[in-house]
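The structures come next, written out as structure tokens.
Across the two complexes that follow, chain A remains constant while its partner is chain B and subsequently chain C.
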Partner chain A sequence: MNMSNKTLNKISSFFLNLKSQPMTVVLFLCASFSVIILFLMLFFVAREGALAFSQFGSDLFFGMQWDLESNLFGGFPLLYGSLMVTFGALIIAIPVGVCTAIFVSEVLPFYLRDPIKSIIELLASIPSVIYGFIGLLVVVPFIASTFGIVSGQTALTSSLILSIMTIPTIVSVSGEIISAVPKNYKEAALGLGATKWETIKSVVLPISKSGILASIMLGFGRAVGETIAVSMISGNQAHVASSYLDAVYTIPSFIAIHMGEAPVGSVEYSALFGLGLILLIITFIVNTLADIVVKRGVQP
Partner chain B sequence: MSQDDKIDIRQLNIWFGEKHVIRGVDLKIKANAVTAIMGPSGCGKSTMLRAFNRMNDVIKSSKTTGDIFIGGKNIYDNNTNVYDLRRQVGMVFQKPNPLPKSIYENVAFGPKIHKMAKGKDLDKIVEKSLRAAALWDEVNDRLNDSAFDLSGGQQQRLCIARALAVDPEVILMDEPCSALDPAATAKIEQLIRILSTDYTVVIVTHNMQQASRVSDYTVFLYLGKVIEKGGTKAIFENPQHELTEQYITGEFG
Partner chain C sequence: MVFCLLAFFLIAVTLFTGIGTLNVDVFTKSALQGGALEMIVGTVYLFLGAAAIAGPIGVFTAIYLVEYAPSGKVTRIIDQAINNLAGVPSIIIGLFGYTFFSRQLGFGISLMSGWLTLSLMILPIVIRGSEEAIRIVPQGFKQAALGLGATKWKAISLTTLIAAAPGIVTSVILGIARVAGETAAILFTSSVIITRGLPESPFEPVMALSYNIYVKIVAQGTEPERVFGIALILFLIVVTFSLVAIILRIYYRRKQPWLS
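Let's turn to the complex of A and B:
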């Protein structure tokens, strides 16, 4: 009670102070803008999905079948496909991305750092449909022949391409963080006779770990929401895949492919929005978890 | 080189890129004594100090010529192991810079990477070093707390303890009190006096009172050259060189 009164006081005095500080007002409005947009997005997606949620409830999460004829709208195979593909992508992208970031910002000679960083950032700006092409052209046949399977459009294929799309994000964000570690902390370890690697392990990584985690979250967001590239190479089969060599369907691809033919206002239309809402909820949960971990990890 | 000289610097020159920062320094530093290097800001005090444990190697644009003998061994020899050198020649920096670890792990870090001890023996080294840095009584009940929870003065003594833990022969201090309040400064100065019985201490300072309080010998550096050197008392009471006199009377600085 006491606490909340204090908080209220703080908030009201903040608003009272706004009058005398025009610059603060401008900044406040800008900040509010993104918060408002966020809530509007949530609101619209939830509103359109409400019909499906009221009819099918948790079936949208856990139902196994998506069948218009039988009026079944189970999203579990899609949710499973999305998480599977994203998980696979991160398993590859996290170690490769973090190691690359360390290499670029700590090991590479100075004159090579900026050029290499630019090239990596260029990778991040390639449109995803191009990644889809490369996936179809190179990775799909490669997977098919390597594992001797009929179709190379698999969860593994998608994870591989997604990891390549995610790595630049992880590298450029954690690279910035790693380069920002103050010199005097590195010298603490070096001055005791630590090698470069000991210094990276004992100083650089602990100090930058929350930033690295943030970069991984951005990567997660990119991977879980990626639509076009994945829909071209994942095989698009709504079943619970038993291995990474199976075809999968992800939520974004499924929505993109079915949205066009779903009559506005129909149950199917609403159910697709419901899937979208599930996707949003997942990213919120992951981001919040990351925030908590980051806050805990600020002080080593 | 006489028996009681610990560091012998011969024709030391250091550049950063085109900038000639240390210009032909010849200097001997006595063992088991405190030597203060003083001089105006930017004259090369830190650069010279960082030559003694080859920390300038870390800066890509730096170039060093000349020789520095520590305990009779030329540390700029090609076959010098810099990691081992930095164990023998500890360094305390201007701003307290604890590692992002617990108090215990900060002190244990050096002995661990040099594989000097583990388990009970390591505990003993940690306690001994913290005692030697006059910090043990303040932290012995919270060794597992983060080093960042300590006050600035405590952090700086932790950095001293950390340097002592690897059993060095020389301790370099670069303006170790410049970020501290007077009470914390007094503690560190007292500690420096005590350390000089077992270690060769070289301290950079541009605080003249500090130099006169803690050091046995003083070197006056100006634009990368040694202008004057000698017993601290003699330098402060009877400077031979005009520049030294101007500096200690506060005419420039």
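Let's turn to the complex of A and C:
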């Protein structure tokens, strides 16, 4: 009782404060815009997907087949494809990204840091349709000829391109955390006779562990939702792929390709929104966890 | 790091092999005659409108978060929401834009729906960038104005905001770079493969470079080589914006002594 009174007081004084300064109200409204949009997004995607969820329930996750004619809407192959491609991308992007972050913020001479960071930032700003285009032009034929397969549009191709798209996220987030490690920690280690590498391994990495973890999670979120590039180079076949040299279909590319032909309000349309909701929830969870991990890491 | 450099140069070199496909016609002729004029202008329309919507909201949000927000639950929720919004996959933003802006609000497949949808993608970038720019301005500027009797809002808008302006502009340009090539978000909301001339009102659909590359390759099965020209133009637009933002940032960091 006491507790709720206190919060009530807090809330009312919060709004009273707003009332006394008109400009604060405007600013507060703008600031709440993001919150409102996020709720609207959840609500609308869920509303459109409700029909499919009520009809198929968990089949949308675990059903093996997506077949319009027999009214089957199973998203498992798509979920599987998404996770497969994403993990493949992370396996490449994590070591490369973390090593790059360490190299840029610890080893690289000072005057080279800005240019290198800028190039990594440029890499992040290249649109995904361009990545898809390059993938088709260069990587797909390369994979086909290297492994002697007919079509180079495979899970491996997508993972490769996705890893290039994920690396900037990992580098910039973990780089920021790594360069925030207090200088005197490093100097203490160096003073004790540790080599540069020993210092990085036993001082820098343990301290920035949580930041690196968060950067990986953000990278995961970015990779799992990537649509355009993947749908251009992954072959788009809805089956549980047996190897990385198989074609796959991911949730976002499936939505992108099928939305155009699904009549508004139909079961298929709703099922696509259902898939979208699954994806939205996955990225919500991952991003929120990443946030928590970062905040934990900052507090000593 | 070598990997990143290699990747970047590989991409740049590959794209520049397509430079032969570019000629003046591409820029001046209408799409019906084999040019790309409407696509280029459409892309520019899209990102300018989106930036015009996201800019003010983003800057106001940043001011609120830095200067006004009490540290408490509400602020934490707003902060968290911005991070989450930044992490929403673009295809979901597109789905939402379609159900909300195109259908619920009745804007249809139009420039307006595209603006609103894309502004949601620029918003977190502008907020985070402006926040940083505002936070870095010394408190003394504002306090001097407050000491002279200015109200809080006056003090902030006349000193802090002006000192932070270069950083804010940089963040908007970065936001533009991020959405100029966006495809998934405009896939269902604003673009079509061909229009007769440029849109005459915000409620008509537009052509866009990114959309054209995507649909031509995926839906129409065009050979990638045939869209080389528009891919290169798009790449150049995006890289130019990113470079301008990066250079501006480095330049102002050197010029304004309190920034470093």
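Throughout what follows, the second predicted complex is superposed on the first by the 252 of 300 C-alpha atoms of A that agree within 3 Å, B and C clash if a C-alpha of one lies under 4 Å from a C-alpha of the other, contacts with A are read in each partner's own complex, and residues count from 1 in each chain.
Operating definition for what follows: a residue touches a chain if its C-beta (ideal position, glycine included) is under 8 Å from a C-beta of that chain, and two chains touch if they have at least 3 such contacts.
Nothing here was measured: the structure is a model prediction, and the numbers come from that model.
Novice: Quick one: chain B and chain C on chain A, clash or fit?
Specialist: Aligned through their shared chain, the two binders fit side by side on chain A.
Novice: Let me test your reading of the model: by the given contact rule, A:I255 touches which partner, first (chain B), second (chain C), both or neither?
Specialist: The second partner, chain C, only.
Novice: According to the contact criterion defined above, which of chain B and chain C contacts more residues of chain A?
Specialist: Touching more residues of chain A than the other partner does is C.
Novice: Roughly what angle, nearest 10 degrees, sits at the C-alpha centre of chain A between those of chain B and chain C?
Specialist: Spelled out: centre of chain A as vertex, angle of 100 degrees.
Novice: A:D114 contacts which: chain B (first), chain C (second), both, neither?
Specialist: Second partner only, chain C.
Novice: Go through the superposed model and pick first if A:T195 touches only chain B, second if only chain C, both, or neither.
Specialist: first
Novice: Who does A:I228 touch here: chain B (first), chain C (second), both, or neither?
Specialist: Once the two structures are laid over each other on A, A:I228 reaches chain C alone.
Novice: Looking at the overlay, does A:I167 come into contact with chain B only (first), chain C only (second), both, or neither?
Specialist: second
Novice: Does the superposition put A:F133 against chain B (first), chain C (second), both, or neither?
Specialist: In the superposition, A:F133 contacts chain C only.
Novice: Touching A:Y185, do we find chain B (first), chain C (second), both, or neither?
Specialist: first
Novice: How many Å separate the nearest C-alpha atoms of chain B and chain C in the overlaid structures?
Specialist: Distance of closest C-alpha approach: 18 Å.
Novice: Name the residues of chain A shared by its contacts with chain B and its contacts with chain C.
Specialist: In chain A, nothing is touched by chain B and also by chain C.
Novice: Mind pulling up the chain A residues that touch chain B in the complex?
Specialist: Checking each residue of chain A against chain B gives 110, 184-185, 187-195, 198, 202-203, 206-207, 299-300.
Novice: In the complex of these two chains, what residues of chain B are touching chain A?
Specialist: 53, 55, 58, 60, 82-87, 90-91, 93-95, 97-101, 109-110, 113-114, 146, 148-149, 159, 162-163, 166
Novice: Tell me, which parts of chain A touch chain C in their complex?
Specialist: It is residues 10, 14, 17, 21, 23-24, 26-28, 30-35, 37-38, 40-41, 44-45, 47-48, 96, 99-100, 103-104, 108, 114, 116, 118-123, 125-130, 132-134, 136-138, 164, 167-168, 171, 218, 221-222, 224-228, 231-232, 252, 255-257, 259-260, 264, 272-273, 276, 279-280, 283-284, 286-288, 291 of chain A that touch chain C.
Novice: Note which residues of chain C are touching chain A in the complex, please.
Specialist: 1, 3-5, 7-8, 10-11, 14-15, 56-57, 60-61, 63-65, 68-70, 72, 74, 77-78, 80-96, 98-100, 103-104, 120, 123-124, 127, 152-153, 174, 177-178, 180-184, 187-188, 210, 213-214, 217-219, 224-225, 227, 231, 234-235, 238-239, 241-243, 246, 250
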